[in-house]
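Below: one structure in structure tokens.
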Amino acid sequence: MKNKHYEEALAALEPELVTMARWARAKGQRVLVLLEGRDTAGKSGVISAIRGPLNPRQCRVVALGKPSEAEAGQWYFQRYVQHLPTAGEIVLFDRSWYNRAGVEKVMGFATPEQVDAFLAAVPVFEKLLVDDGIRLFKYWLGTDQAEQEERFAERVADPLKRWKLSPIDVQARTLYDEYTQAREAMFAATHTAHAPWTMVNFNDQKHGRLTLIRNLLDRLPDCALPEEPIDWPPLGHEPLPERYELIQPLPPYPVPGD
Amino acid sequence: MKNKHYEEALAALEPELVTMARWARAKGQRVLVLLEGRDTAGKSGVISAIRGPLNPRQCRVVALGKPSEAEAGQWYFQRYVQHLPTAGEIVLFDRSWYNRAGVEKVMGFATPEQVDAFLAAVPVFEKLLVDDGIRLFKYWLGTDQAEQEERFAERVADPLKRWKLSPIDVQARTLYDEYTQAREAMFAATHTAHAPWTMVNFNDQKHGRLTLIRNLLDRLPDCALPEEPIDWPPLGHEPLPERYELIQPLPPYPVPGD
Amino acid sequence: MKNKHYEEALAALEPELVTMARWARAKGQRVLVLLEGRDTAGKSGVISAIRGPLNPRQCRVVALGKPSEAEAGQWYFQRYVQHLPTAGEIVLFDRSWYNRAGVEKVMGFATPEQVDAFLAAVPVFEKLLVDDGIRLFKYWLGTDQAEQEERFAERVADPLKRWKLSPIDVQARTLYDEYTQAREAMFAATHTAHAPWTMVNFNDQKHGRLTLIRNLLDRLPDCALPEEPIDWPPLGHEPLPERYELIQPLPPYPVPGD
Amino acid sequence: MKNKHYEEALAALEPELVTMARWARAKGQRVLVLLEGRDTAGKSGVISAIRGPLNPRQCRVVALGKPSEAEAGQWYFQRYVQHLPTAGEIVLFDRSWYNRAGVEKVMGFATPEQVDAFLAAVPVFEKLLVDDGIRLFKYWLGTDQAEQEERFAERVADPLKRWKLSPIDVQARTLYDEYTQAREAMFAATHTAHAPWTMVNFNDQKHGRLTLIRNLLDRLPDCALPEEPIDWPPLGHEPLPERYELIQPLPPYPVPGD
């Protein structure tokens, strides 16, 4: 997909995102979006696209690292629960409690019993949230291995992207099908009427982002709210310049092309 | 400044940001950047530019709302302290404890005694952090009122930017000079050898971003570290396609131009 | 019940509490005790009795105040969840999520719909905790109004106890039966096989405490663990006295009777 | 000191503690008490005595364990700062930031450079708190080794007290004088006009408690406040008994002596 077309299409969605956020704020709605998928799938890209036009004080991103020792001893969902949205918030989870049924299962970080217990608990846990009024969306970003290999290769080659490569990624390559199987088992257990999964093809990441955002917006109710008019009188005097007294500004960066 | 030139120049800085982050991680360095300035100055823009190429698990943004009742009763710095960087982290404060000497002073949310006590405490507080090894940078983003008026007008006109306007902004227009005076008083009290302020002209936001990032990078020590080679063997089989079983992907978003 | 008999009986239970705590630590068990009941029932007294002999770093008490604005907008259970025990901990809740079915219902702080939704959610929520291995105990401390009146009168008369009286207590007197009805409705909805309620008569608080602690201990599995021997060699020299150099100790408090 | 005399004397102090707490609440005062001393000195005992008559929602005890990895990488004071009192609170620290100059120094958990940096930072840090209006009290509880040996021996012998013994205690016996030296060095660096240390002899723990509490009360300003009268009308009907419907109370615990 061409950059230009992507940007036009995204620009057309942004006002709807802003409208949705205004509605969430005004109505005290809580929106929770889980983003799952293989490494390189494009989770951060779609997160950036969603939160780009929104108020960072309203739209939070949650990307938890590995649990501390105290957290590892807690109820499995506990460390996620504290980041759930309060009234008026939109929260995007970059990976989520589903780690247990994905990477933890495939890499053997969780026992089969733990995975089974998790899969049994999830629909119940999510129903509690949904019944409480949280609007929960669960997206899985699909990527063929050919595409994934290309992106991995880019990360290896590009020093700017090296940090995105972890030792787990190296192993993930040889476990592509195990991840697929884990995902299907996860879907079988957790694709419920109250909290269904949505699969989005992210082989073309830009196209995937648009598809996901369009779907998210379509599944929220009509968010239109009358704009309150802003009273914006003329300034009434010549605008003032900065007066630098104690400290002078830095000399500007010399720009190529200037 | 032309978009193309900006993007080229930023692209040239990004590898340095990534190198710096790798160094911070490897050496357990803590980097703390405070971003202050008038409304519309461009704090969020420069924050996005800095964190763009970085790992969101390493580079955090802190933008605190107004204090809760419990926080209002605490030591003034307490709610900020809990967000300071741990070893290996880069933390960007979108506004900071300096609120007390800026908006709180000008709008009368803090008493003159509170402002004076704050200005006396800041150099001492910051010295504790710096002596502990935190690398503290304080930037003030300057904007002439003519420029600010233009940006406010844009926010009024553009539904995408309306949320950026608060009632306090409306008042800030008539208090432009009071903010200048407050800033100069703040500089007089808190521009110290151990934690100096840096002023950056953000009348051209793109140019301001480059100037600020260049300055930040120049003030950190040599961050170069040898790259560890990554062992990246060939996959050894045909890459696998996604196998969608239980759930099929969404139909792709129809793209204008396709 | 005579003080002397109470103290003897409690002294007999304390080693069992300590043994239980040692077992919880060694086995990574999580013990969660909810204490509910009318004002004056004696919740704090039994909490003190339980935690008296235990390590305060292992046995925590949770007594939440009224929710902040952010908490009020969250999933109802969220602010409680963050205090659940981690492996090895014993947590005592002085009131709990059941507030919603008690004081909030009777005083009209929650709507009937909120109370109904809460009562429907509780058994599901608690099952998640119990299935995760948390050992959950729910006690309700019963008190006849004659007894309650006496205790209220004592609080009114005794300046030491005045702080225990809140305006809500004053109203609770006239709502004694409403609280009874609310409790029975709560029992009907939440007395489940996986998380049953236990009622304890606290008309005699000392007797109530012993009864409750005995029951708690009886419902935990055999907690005996072999003690590891402690190697405790003789000191090998005369014990040293304190050497006060820079600061001398305070003169001792003059004790009546000395 | 005889138990009876102790209890009489403590009972005489309790109304003053309650008055002080009422004053702190009414005036939004923040009271912070640090309790330091050798193992077995009696820190928990005096904490229990202070908080005994107070509202647990107002008087908090803070006893931090060893730092997590993230905490270990932070500004040294950071994890303590988040527990400082808010307006109206009384906070008792069972050990405190002074760990670095005591156990961490003597046991070699901190480098000499870290200890020196800490000792240089403390007076500055504490002055920030005191200047902000926090009422800070620092007590060191002294114990001759003869007394300490006796208490250790009791812990070894008494299964109820075994959990109080840690491997560090075993070593502390042979390091009695090193702890004395560390304390004196700490006093030399941190016994300041704005935050002086107070030494209390805890060879007799009961006597020590009274001495410490008396000193604390004497150093707070006049806390007397007029009591608001409580309107406490007669109930107006026969008091109601509990009506147990769904669940009957447990059979009472059989009490020796009954």
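All chains are identified by letter, namely A, B, C and D, in their written order; residue positions are counted from 1 within each chain.
Definition applied: a residue touches a chain if its C-beta (ideal position, glycine included) is under 8 Å from a C-beta of that chain, and two chains touch if they have at least 3 such contacts.
Computed from a predicted structure; not experimentally measured.
> Could you compare the number of C-beta pairs in contact for B-D with that for A-D and name the larger?
B-D
> Measuring centre to centre with C-alpha atoms, which chain is farthest from subunit C?
B
> Where the CA atoms of subunit C average out and where those of subunit D average out, how many Å apart are those spots?
The separation of the two C-alpha centroids amounts to 21 Å.
> Any idea how many Å lie between the Cα centroids of subunit B and subunit D?
Computed value for the inter-centroid distance: 40 Å.
> If you average the Cα atoms of subunit A and of subunit D to get two centres, how far apart are those centres in Å?
Roughly 45 Å, centre to centre.
> What residues in subunit D touch two or more of the other chains?
Residues 70 of subunit D touch two or more partner chains.
> Of all residues in subunit B, which touch subunit D in the complex?
Contact set of subunit B toward subunit D: 28, 30, 70-78, 81-82, 84-88, 117, 120-121, 124-125, 127-129, 131-132, 134.
> Across the complex, what residues on subunit C touch subunit D?
Those residues of subunit C that touch subunit D are 1-2, 4-6, 8-9, 12, 14-15, 18-19, 21-22, 44, 53-58, 61, 63, 65, 94, 140, 142-146, 148-149, 152-153, 156, 159-160, 162-165, 170, 173, 176-177, 180, 184, 187-188, 191, 197-201, 207, 210-212, 214-215, 227, 230-232, 235, 239-253, 255-258.
> Tell me, which parts of subunit A touch subunit D in their complex?
68-70
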